[in-house]
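Naming follows writing order (A, B, C, D and E), and every chain is counted from residue 1.
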Amino acid sequence: MEILVYRNGQQKISEGFTVEQLPELLKEPGAVIWVDMESPTEVDERVLLDVFKFHPLTVEDCRENRHYPKIEEFPGYIYFIVHGVRADTSPDRFNTIELDGFLGPNDVITYHHDFFRSIANVKQLLRTSPIACQRGPAFLLHQILDQIVDYYSPVLDDFDTRIDQLEHEIFDLKQPNNAILGEIMDLKRSVLRLRRISNKQMDILLRMSRGEFHALIPEDMRPFYRDIHDHIVRVTDLADSYRDLISGSLEAYLSVVSNRMNEIMKVLTVFSAIMLPLTFIAGVYGMNFDNMPELHSRYGYFAALLVMLIVAVGMLIFFWRRGWLGRGDQRQTPEN
Amino acid sequence: MEILVYRNGQQKISEGFTVEQLPELLKEPGAVIWVDMESPTEVDERVLLDVFKFHPLTVEDCRENRHYPKIEEFPGYIYFIVHGVRADTSPDRFNTIELDGFLGPNDVITYHHDFFRSIANVKQLLRTSPIACQRGPAFLLHQILDQIVDYYSPVLDDFDTRIDQLEHEIFDLKQPNNAILGEIMDLKRSVLRLRRISNKQMDILLRMSRGEFHALIPEDMRPFYRDIHDHIVRVTDLADSYRDLISGSLEAYLSVVSNRMNEIMKVLTVFSAIMLPLTFIAGVYGMNFDNMPELHSRYGYFAALLVMLIVAVGMLIFFWRRGWLGRGDQRQTPEN
Amino acid sequence: MEILVYRNGQQKISEGFTVEQLPELLKEPGAVIWVDMESPTEVDERVLLDVFKFHPLTVEDCRENRHYPKIEEFPGYIYFIVHGVRADTSPDRFNTIELDGFLGPNDVITYHHDFFRSIANVKQLLRTSPIACQRGPAFLLHQILDQIVDYYSPVLDDFDTRIDQLEHEIFDLKQPNNAILGEIMDLKRSVLRLRRISNKQMDILLRMSRGEFHALIPEDMRPFYRDIHDHIVRVTDLADSYRDLISGSLEAYLSVVSNRMNEIMKVLTVFSAIMLPLTFIAGVYGMNFDNMPELHSRYGYFAALLVMLIVAVGMLIFFWRRGWLGRGDQRQTPEN
Amino acid sequence: MEILVYRNGQQKISEGFTVEQLPELLKEPGAVIWVDMESPTEVDERVLLDVFKFHPLTVEDCRENRHYPKIEEFPGYIYFIVHGVRADTSPDRFNTIELDGFLGPNDVITYHHDFFRSIANVKQLLRTSPIACQRGPAFLLHQILDQIVDYYSPVLDDFDTRIDQLEHEIFDLKQPNNAILGEIMDLKRSVLRLRRISNKQMDILLRMSRGEFHALIPEDMRPFYRDIHDHIVRVTDLADSYRDLISGSLEAYLSVVSNRMNEIMKVLTVFSAIMLPLTFIAGVYGMNFDNMPELHSRYGYFAALLVMLIVAVGMLIFFWRRGWLGRGDQRQTPEN
Amino acid sequence: MEILVYRNGQQKISEGFTVEQLPELLKEPGAVIWVDMESPTEVDERVLLDVFKFHPLTVEDCRENRHYPKIEEFPGYIYFIVHGVRADTSPDRFNTIELDGFLGPNDVITYHHDFFRSIANVKQLLRTSPIACQRGPAFLLHQILDQIVDYYSPVLDDFDTRIDQLEHEIFDLKQPNNAILGEIMDLKRSVLRLRRISNKQMDILLRMSRGEFHALIPEDMRPFYRDIHDHIVRVTDLADSYRDLISGSLEAYLSVVSNRMNEIMKVLTVFSAIMLPLTFIAGVYGMNFDNMPELHSRYGYFAALLVMLIVAVGMLIFFWRRGWLGRGDQRQTPEN
């Protein structure tokens, strides 16, 4: 548990307080207190219950990983769960990390089980300059949420790149490939998860920015929350369009596979249709009838070869006319 | 019919009352009465009608298995139907058990046709410690609902495992398989049923936690109902994502089948394209023309064999270039 | 036109009134009058216009078969259209019969072009015991609607049976079959029609049970209408899930057809891949070259046969390893 | 521009007025004035702007063909666009004709670029009997809208017939057919267009019938507008179900094509599987080895033929057992 | 930064002001000031912050390209983002250009990073005639938005043409083609992007036209904004129907590919089924048995040829009856 305190008028953040000092600090007028709990112990939880008097259910919620964002108002504070992007996230595997938190009249409590990039960044920032604290706890929370949402952008860019690359792979596809199929599936699942998370997050920020919690998030803070809301709307929007693109990729993949099948069948058909008649002709003159005049003709053999040639060329022309001799897949990748 | 009574200030639950004592008990101030009817008889139903004065339609509803959750307010009590997970539920077959119930000003009535795990658990709990009753009937009901919703979690985990396993089976699939198809179908049906039930249940708990029934569910009970609501939202959410995953599995299955078909066709085509020309050449020299100079050449036979070899190698190179000689399905399972 | 009258306090329904007596009857205080018009004549319509003073548009609506349920309030009465299940309905063909009706302050008018089972049942009931009338016209109407909705249940059971049976047929399918496809199509159409009708009916009953028409449907009648509403909600719900099941059936059918195709292709490929090389070898030794040493070897023929055997066995092993020799479709039906 | 005037108490419609008389007419108390502009000139537009004082934007809207229905209220009048069915509409091609109009306190203005059937019909009607005008301009407008909506019915019947016929064609299909595909596409497009138009029209009529424009559409006119609304609801409903049917047709078509492919493959496989072994056997005894005992046996030839026969019959039994010898498509059309 | 000022009563737009004069100009009563910032510098941004006192977040929003339209109200001004169509847009690639803007009580500020066609057009217009400014800044903004929306029309026409052309290409398709598939994908993506943008824009204009910002957009301006709203509704509507058409195109493409496959298989099957039996017969008489009576018959050879002919003709009749000898794809393009 780290306690960061900003006292009105001060130029620096004070640190190094102990749990025992907390009740005192909370009573200081004009102080902004940020209590960050990383991998919290039972002592930390007791603080939430006994010092901050938070509802036992919310503290229980903190302890569990609940897997979806929410916000709840209680008398004197709001409790929220938001999700940040895990550092090891990739388009194949969208991982989130949960942040539980409380916003009180002059305090922000954050609670997370692992190292949380955005939290670390904001601390760093505060230690350099305490400006973010000067405007009160709602602004400090805005700062944290802003950092969290900012980490979604590179993920979206990764999705973009991967989908683009996938599409090229599909159109360059030599043969149907379960690997590509698996990748499409992974991407789809990731995007759906991203969409679900950001959608719920959007909801929360909409409620924050619309003035629902006006006691704790004052009127002049609302443009800042609206700004984060806009960011997350964009995330959801992009997730939506990525979902469409991935669905399109699957359709394209299936269609390319189908085209390839067509091509295989054409090769088989062309070969069979040329070879079978020739073999038949050879078979005819391989028969052992006593009386087969052609066999004794001087140029019978060569005539037979000629007939075979004519048949073969005839078939080729037949198929060429049908357009079966070119390659069905020009391997054009969209100029996208 | 079992009657459990908690009297204010007592440390224990009183049991062993008879039907005849019920009217008396209901009049006791501060008492919390729980009447649990398992496989109810006609006598039990008469109690509902005559002692509790519940609306005849609700009692009729109790008797039937109505198959979907609902909640209805009547003057002085609310009637609800919720669904628990049956013990024999599996991802292939999602089975529920119906619980009908009434919440009165100082009584909870539960009514079910079979043994109900969650009910038995809560009774066990009360016999150990009557704390749950100290906060009134609404808290007792919350306890029961909480137990019911808790049993959904292992089902969800089972779904997760099964879908994961299914996906691996699909990508490892040697040949198209109606059994896998049947399993996908069963899973889909189960998930849809789960979703439908939990969706309606979500609705009920939302109404309970929003203060719609404030006469019977007091303000300070609402966070507890909101907590159950959150649980069931998560159930619905996961059911949603499982539905998406199962749809994806079906797409993957169809695509894997399609890839396999491609592979089969390639084998056929490669074989035919190599063998047919060779057979044709053999056929040519099997002809019985008198005048076939090659036949009398000393190395004609070997030359013919050489030509065949060249043709065969040529075809192999042709197909190798097209990438048809590898196996189309690398059998990569997603590293999921 | 049949006129049934219940006079307060009476133990029996009075019948056998003529049109001329209607205005008198309508003025009787406390009487409940039910006018049922089956295959109405022009005289009946004049009664609606002149005696009951219903809006000409509603009377016109009665005359036509409008194909969808609705409810409309007019000063002093409500006009409704609901749909019953026709006796000859089957899952392949969902047929409805329209009932037009009016609910006045002390009268119910029903209007239908053909024999209507539910109406006949309610009349039968009234003649046995006039209880349904004692609680006023709204209760009488409830009785009629209840009977109508009750006839949906066997239809739903039929759907259930048919879909189940269809699914078994699909998994037992020997070969693709337009008949099954046709049946899926018919079922789908029926379910969609059922869903559309019950959905609109649900709407009407919701409005009735929510107190929108409180002048004609008193407060204490609402639980009864809510009960019918619940029934119809269940119908709609089941129709929804049947729709999902039928969509699943179509997917299963297409997939089974696709599996069967795979099987066919495998048979073809295995046959071709074994026979073509053997035929080629035979062809080689059928060539007529002068100098073919093998031909003169004593055991050449048997050696050739041996080679053929080895090739055949080799191919069989190759395909067995790929798992192509078993049957792709284990014909397992889901243990549903 | 045609001007039809009904003066209160008159038995006939007066006609033949000039533009100059319009301002006078509009001031006559109790007169109902209908100004119909077919293929309007610039003079007509000036009248709209200068005499009726309509907003310049609405007049501009009239001039253009805007392609979708709308309704807008302005002080003292409402402006609407509705769409009628063009006479040359067919299920393959759903064409509409736009009607712009204004409803004022005692005048209706209609504006259309081409001959409009419904308008002509209403004029005809008025000339025969001016009843429609006696109830004021709102009733006159109702009359016009009713005529427009009535023309949708035959179109829906045409759709019905065409879809039915299409379904039969699909199940009777001898071979895959781009023509049927094209027809499905055309039907789908038409139905979607119909649905879009009628959906918007439904909206407009809902607003008219709900009393939103009560200044111009009095209370007692609302049942009449509700009646048109009901008609258009039915149109939209049917369009919805046609869309479902057409989607079903496409699925059926694709499935029938797939069944046909199966059949083709079975023919190929049966032929290959019977002929290839026979040809192989013949090939074996066509080999030229010196030492082939069977060749010199007296009944060797006949024995070989017998073996061939046994093989052929064996294969036939094999395929018959698999059910491949019947025709996969019983060509059953649904008994619809 | 360009500053255009219209002073009440003047016949011309004044230009050539410097940043320093801005504060003065803004105080002039009745003046309408348009500040257009193309590729803005930091100085410009300072003006937004210091002179106009806009919220820092909105100025930051201006700087970034945010990719979706929005509107926000602040005390004394509204901030909006709308999107115009880029000049280089094609149906394959729908490109937009972002316009940020502010509407104040007597000023309009536009901010864009590149040359913006619609802005240039409006400036041109104003220099010719300052009418657009006479009705205040809301009308000036309407003029700009109108120009922006007008540029959507040609794009929609391009889509129409391209989809039509695509459909013809599909039905004329000689062989499956990844290029067409790629084009369908590109079109789909473009239409989805168009739909998303226009949908959000529709929202903004709905809010503007409904009087939400009545302080800045007076009542009498609303019909003008409603008019733009109507335009953009039409854009969205058409985008919707294009999306449907493109989905239909994909289905048609897949179906045409499938038909083509059928045709290929039929060619293969017909060839195999005719040639294999003939080859077998030839093989039989190529056997070297000592005792084969037919071989020594005088007309044995010719009889064998005759049998072959009969078999071939028989097969042809068999296939002709099944309708396999015609071409499956009549290459009919819909008469669309």
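Definition applied: contacts are C-beta pairs under 8 Å (C-beta built on N, C-alpha and C of every residue); 3 or more make two chains touch, one makes a residue touch a chain.
Note that the structure is predicted; figures quoted are calculated from it, not measured.
Considering the contact criterion stated above, no chain is in touch with chain B and with chain C alike.
Note on chain D versus chain E: their Cα superposition corresponds to a rotation of 70 degrees, in steps of 5.
Chain A and chain E, compared by their mean Cα positions, are separated by 25 Å. If each chain is reduced to the centroid of its CA atoms, chain B and chain E end up 40 Å from each other.
Residue positions of chain A with contacts to 2 or more other chains are 258, 261, 265, 268, 272, 276, 279, 283, 286-288, 292. Viewed as a network of touching protein chains, the structure reduces to one closed ring of chains, two contacts apiece.
Remark: chain D residues 55, 57, 61, 66-68, 70, 72, 74, 92-93, 174-179, 181-183, 185-186, 188-189, 192-193, 196, 250, 253-254, 257-258, 260-261, 264-265, 267-268, 271-272, 275-276, 278-279, 282-283, 285-288, 292, 294-296, 298-301, 304-305, 308 touch chain E in the complex.
Considering their complex, residues 167, 171, 223-224, 226-227, 230, 233-234, 237, 240-241, 244-245, 248, 251-252, 255-256, 258-259, 261-263, 265-266, 268-269, 272-273, 276-277, 279-280, 283-284, 286-292, 322-324, 326, 328-336 of chain E touch chain D.
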